[in-house]
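One structure is given here, and the rest of the page talks about it.
Chains: A, B, C and D, in written order; residue numbering restarts at 1 for each.
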Amino acid sequence: MEKLFFASDYMEGAHPKILDKLIETNLLKTPGYGTDAFCESARAKIRVACDAPNAEVYFLPGGTQTNAMIINYLLRPYQGVIAAVTGHIEGHEAGAIENGGHKIFCVPEHNGKLTAEDVEKTAKKYYEDDNRDHMVMPGMVYISQPTESGTLYSLSELESISAVCKAYDLYLYADGARLAYALSCPSNDVTLPDMARLCDVFYIGGTKCGALLGEGVVIPKPGIIPHFFTLMKQHGALMAKGRVMGIQFDTLFTDDLYFEIGRSAVGLADKIRQKLQEKGLELCYGSPTNQVFVRLTDAMRAKLEEKVTVSFWEKPDDSHTVIRLATSWATTTQNVEKLLEIIDQL
Amino acid sequence: MEKLFFASDYMEGAHPKILDKLIETNLLKTPGYGTDAFCESARAKIRVACDAPNAEVYFLPGGTQTNAMIINYLLRPYQGVIAAVTGHIEGHEAGAIENGGHKIFCVPEHNGKLTAEDVEKTAKKYYEDDNRDHMVMPGMVYISQPTESGTLYSLSELESISAVCKAYDLYLYADGARLAYALSCPSNDVTLPDMARLCDVFYIGGTKCGALLGEGVVIPKPGIIPHFFTLMKQHGALMAKGRVMGIQFDTLFTDDLYFEIGRSAVGLADKIRQKLQEKGLELCYGSPTNQVFVRLTDAMRAKLEEKVTVSFWEKPDDSHTVIRLATSWATTTQNVEKLLEIIDQL
Amino acid sequence: MEKLFFASDYMEGAHPKILDKLIETNLLKTPGYGTDAFCESARAKIRVACDAPNAEVYFLPGGTQTNAMIINYLLRPYQGVIAAVTGHIEGHEAGAIENGGHKIFCVPEHNGKLTAEDVEKTAKKYYEDDNRDHMVMPGMVYISQPTESGTLYSLSELESISAVCKAYDLYLYADGARLAYALSCPSNDVTLPDMARLCDVFYIGGTKCGALLGEGVVIPKPGIIPHFFTLMKQHGALMAKGRVMGIQFDTLFTDDLYFEIGRSAVGLADKIRQKLQEKGLELCYGSPTNQVFVRLTDAMRAKLEEKVTVSFWEKPDDSHTVIRLATSWATTTQNVEKLLEIIDQL
Amino acid sequence: MEKLFFASDYMEGAHPKILDKLIETNLLKTPGYGTDAFCESARAKIRVACDAPNAEVYFLPGGTQTNAMIINYLLRPYQGVIAAVTGHIEGHEAGAIENGGHKIFCVPEHNGKLTAEDVEKTAKKYYEDDNRDHMVMPGMVYISQPTESGTLYSLSELESISAVCKAYDLYLYADGARLAYALSCPSNDVTLPDMARLCDVFYIGGTKCGALLGEGVVIPKPGIIPHFFTLMKQHGALMAKGRVMGIQFDTLFTDDLYFEIGRSAVGLADKIRQKLQEKGLELCYGSPTNQVFVRLTDAMRAKLEEKVTVSFWEKPDDSHTVIRLATSWATTTQNVEKLLEIIDQL
């Protein structure tokens, strides 16, 4: 029997509707660099979805580049960014933020999330220090929605964080690499308009939500990063065939496809979670989105991995492992059924 | 009548064979970040085509990023790069090279090309200056093949430049954004193995040669940029779905497609050039590749632009304009015929 | 006979009055980092001398660092600086400006000076280019007063440059490494208040005008570089014993010492110039300040260098050399007399 | 009664012998940029003192700049530096290290020191992570001797750290801003030759050890940072009147002055420590060098500060404060006697 793949949500190409649109439009001639009609249409739809009629919207090829650019160009050289110690920028982007010149202030994580209290503590510590002029000034908060642990900030949590940010003159930036799975999660109460209202910048992830590549940066209040187009060019983020991303985002924001992709993946992840719990296995971090984290004995893990490709997450002790199972637009009900059977026999 | 488009070589999507392959492979599951089998296969084919069995090959999304990374990571902080004043890095990449910390030493251009003599002069000027320790050291030569003016370095020119580079300890780096059109040009005598033998690094352009996106960096002698994979991650050039580029380059280097794309586009450009010359119009720079540059009176230009989309190139005097007409894989014989008729009636 | 030294204006320690003050204050206890009473006093005196009561004044150890910081922190990452091709930042600061991420746009030099016309041409070229969003935006003009060739901008030239800067939204920054020799030059008509009125930032050179080290940055309109103190710390320009520079600048701006140093050096340089002209030798560039440039046959040069240490400047042809003779606070009338005799016998 | 000053060790000018030498040599003419005979003499003496005949020695104006340069130029862009969380580079240099592009890996501090075990743990964590190519590679260990808490690494500790560094290919760099007080401390067993043998780079602090300014960088194995002179120029660390630092270091390394300054200050600090302990007060961190840390009730602190200027260090609880008293070459026995009386009466 062929192995089942649940290791990640970006192991296939693109959602079929995206691919269809790429084929359909292939011979149309467009100007380059994101100035084409597909990009414009995608921008317009995203502005509507975010209820942010004046938002600037840009399409960048990848998440690390997006994070590096937004953080670098929102901050002044004497400022740093506050992030949970598990934040993607801290451990998994090869130092891209520091390479841009900025310190990351790590605060504790709670299932992947930081708290308004810890943000405030960090800001206060700076402002109460007589030597602060010799120190890096906190200038921004970085969060991800969902987090690296698959969890979600509630609207009330996001509002608290936003309030602290305003009080201490911190930008709030949200990494939405997997935003589709947040927006479509039954327990989620943060909408795109909420994101646009509470964040200074955020991005709508494409690569991990059904696109071949591409992340859609939303800057609700235009002008806070002047000449972003030129900065994209300078940073190598301006694609000559910008339409490739425009067509994809236009499709994702047509007929609710972005939300549909999220809904389907989260629904299947819920089925997996239910089965794991029925088996008495311990789910980790409390992820309600498309990433399922479960603690297995090493024996169980070995048995599972004979038939299923999963992601190693961490080793809480000598005899157990936390693994990740991820669903996506490409996950079929049929394969989930097979997985449930395999879990049953663990 | 619909307008004809000859403004550039990246106004459409991808060559149909590439699109077919993307569709065909869409549901196959692969690991991320360029570690998949398609990337491996593409690398293997490129190594063969370059006769460089040990070459490192990487796929990056765009040309500016590629140039910025290669130049930044080959050079030490006290070094700069020599380029023709018309070099793409000097005027059209929004300062990406300086943003990486390096000065560009401009030398004169001759139809877009620099000369071994001017490289030597620049290097000598540095080494003969008693104050050179207060100055930027030339550390690299940047050329493009074909150049921004569509012209080609001959093998003998390239060997001369390489010899000067070796004599003065300069890396030689070639930007091959449109390399397909060089390799397939009847008057070209520089092969991929020549490039691999004479350059320290070069890249095989995808975006402007039929791919949706992607540039294939070739480092013939492995190890000269240690940890390039991590540097790609840090610089935002490592795509999660690296397969998108692997599949495209694998296709481009299957059954000679890359060369076929070049051949077809240059053949059609030759027809356009022939017609322009028959009309007694002045071709500029001597480009033998897919970019046709022609000097028109402003009246002619206006008349042409009623029916054809072209690129403005420069204004040599008050009453004339140089425009560019570019062909690509997407240019049809039929449309070229129409263009020739339009030219006839200018 | 001992050799005479006219090679440069920074071959000795400090003006005796500065040294006296360092000795006198040596045991006084002060807080660090430029927050001491000497720095405050020096700042107050400079504000008065510049007729700029709200100016921010900072003391940095050296000129290259000052140039790099001011240019880097005034410009945004997508901007570059316009300078004469002979500007100190272009050829003699080891790429410090590019290391900070910024391109230098070189314009022609006329005896070391750039013109308002060339600045305007550079700015216009950018703003008239349809592709300017792919290009570096001119954001600043760098001049030096006196220039690297010892020449001076007249008030009317400075006002023209300033007007162009205002029209094209360019900062105007003046490098005053040798400002004392400009301010005290009989033919000069640009005062410190003029500098403060016309420049966004300029610096009053200490190292080459009698101090052991130190440059006094003047920012007439406060706040244009927020948190400059922290940026100094970050860039390694904040000295723990900031008083060392405060004491020196306080002394330089007491009883007109800064002007007196300039006057004395320029007066002696004038004597040298007069003698050279009497001998029928060709003075170069038209420097009226403390740097004397003269064109000698190589034979004359060899003869002169037997008895006098000079600086090589350039080689206009195979049989001639331009050399520099520089005076300073440490140049004695007695040594100038000896030099005049030597010149007589050339 | 005038207030006593024990707040820091850089509140005065220079040691009288240094000042004498500056006066004595003031009118001697020397070439610039550290190429003068005083710098050469100082270098030679430092090489002898370090038993490192081939060492490169450079003089830089300040410590932050020195740390930023050494770390930036030893590391490759994909590498970071390991430091104790209390390391000067982490909290007190305004982000200079990140500004140079590098992440700081913080490890726990033990009275200001890090341990070989924690270094190894950090390195191992990286090398055992399958995703390490997406992460920053540890490339260096930063320590200070004495530490920010005044404590000393023993020879055996330093050898352990060095061994781990060699095992994991990490450079070892020591910040010796207050090295004089380490070298002259009775409990110290790490000599300058030990430093030169075990560290890849270290610096001999001048500013906080009796000089007006200046830090002496020692690179025992020459060539590991090629073109350091040019890098100094580029980074604004190359002083035109380099002799200012040469003269000072030449004096500090004549007749053991550097050690004598350390001895005297540590001896007086010991007297203060003895008195504090007699009073039953709690000394903190175990500093045996010129910095005395003591925990006082807030009432005591207020009483002490009526007569003595001290440094606030930290607030361990609501009613206590840790303060710092520092001695230097400028601390007189007489003033220490007065301080002891004041302590007696607390």
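Things to note:
By our rule, a residue touches a chain if its C-beta (ideal position, glycine included) is under 8 Å from a C-beta of that chain, and two chains touch if they have at least 3 such contacts.
All values derive from a computational prediction rather than experimental measurement.
Between C-D and A-D, more C-beta contact pairs are found at C-D. The greatest centre-to-centre distance from chain A, using averaged C-alpha positions, is reached by C. Each chain gets one centre point, the mean of its Cα atoms, and the points for chain B and chain D are 51 Å apart. The centroid of the Cα atoms in chain C and the matching centroid in chain D are 34 Å apart.
In whole angstrom, the spacing between the mean C-alpha positions of chain A and chain D is 43. For chain C, residues that reach two or more other chains under the stated contact definition are 77-78, 93-95, 99, 133-135, 230-231, 233-234. Those residues of chain B that touch chain A in the shared complex are 5, 7-8, 10-14, 16, 19, 22-23, 25-32, 61-66, 68-69, 93-96, 99, 207-208, 212-213, 230-231, 233-241, 243-244, 309, 330. Against chain B, the residues of chain C that register as touching in their complex are 77-78, 80, 91-95, 98-104, 130-131, 133-136, 312. If you check the complex, the residues on chain A that touch chain C are 33, 73, 76-78, 133-135, 137, 226-227, 229-231, 233-234.
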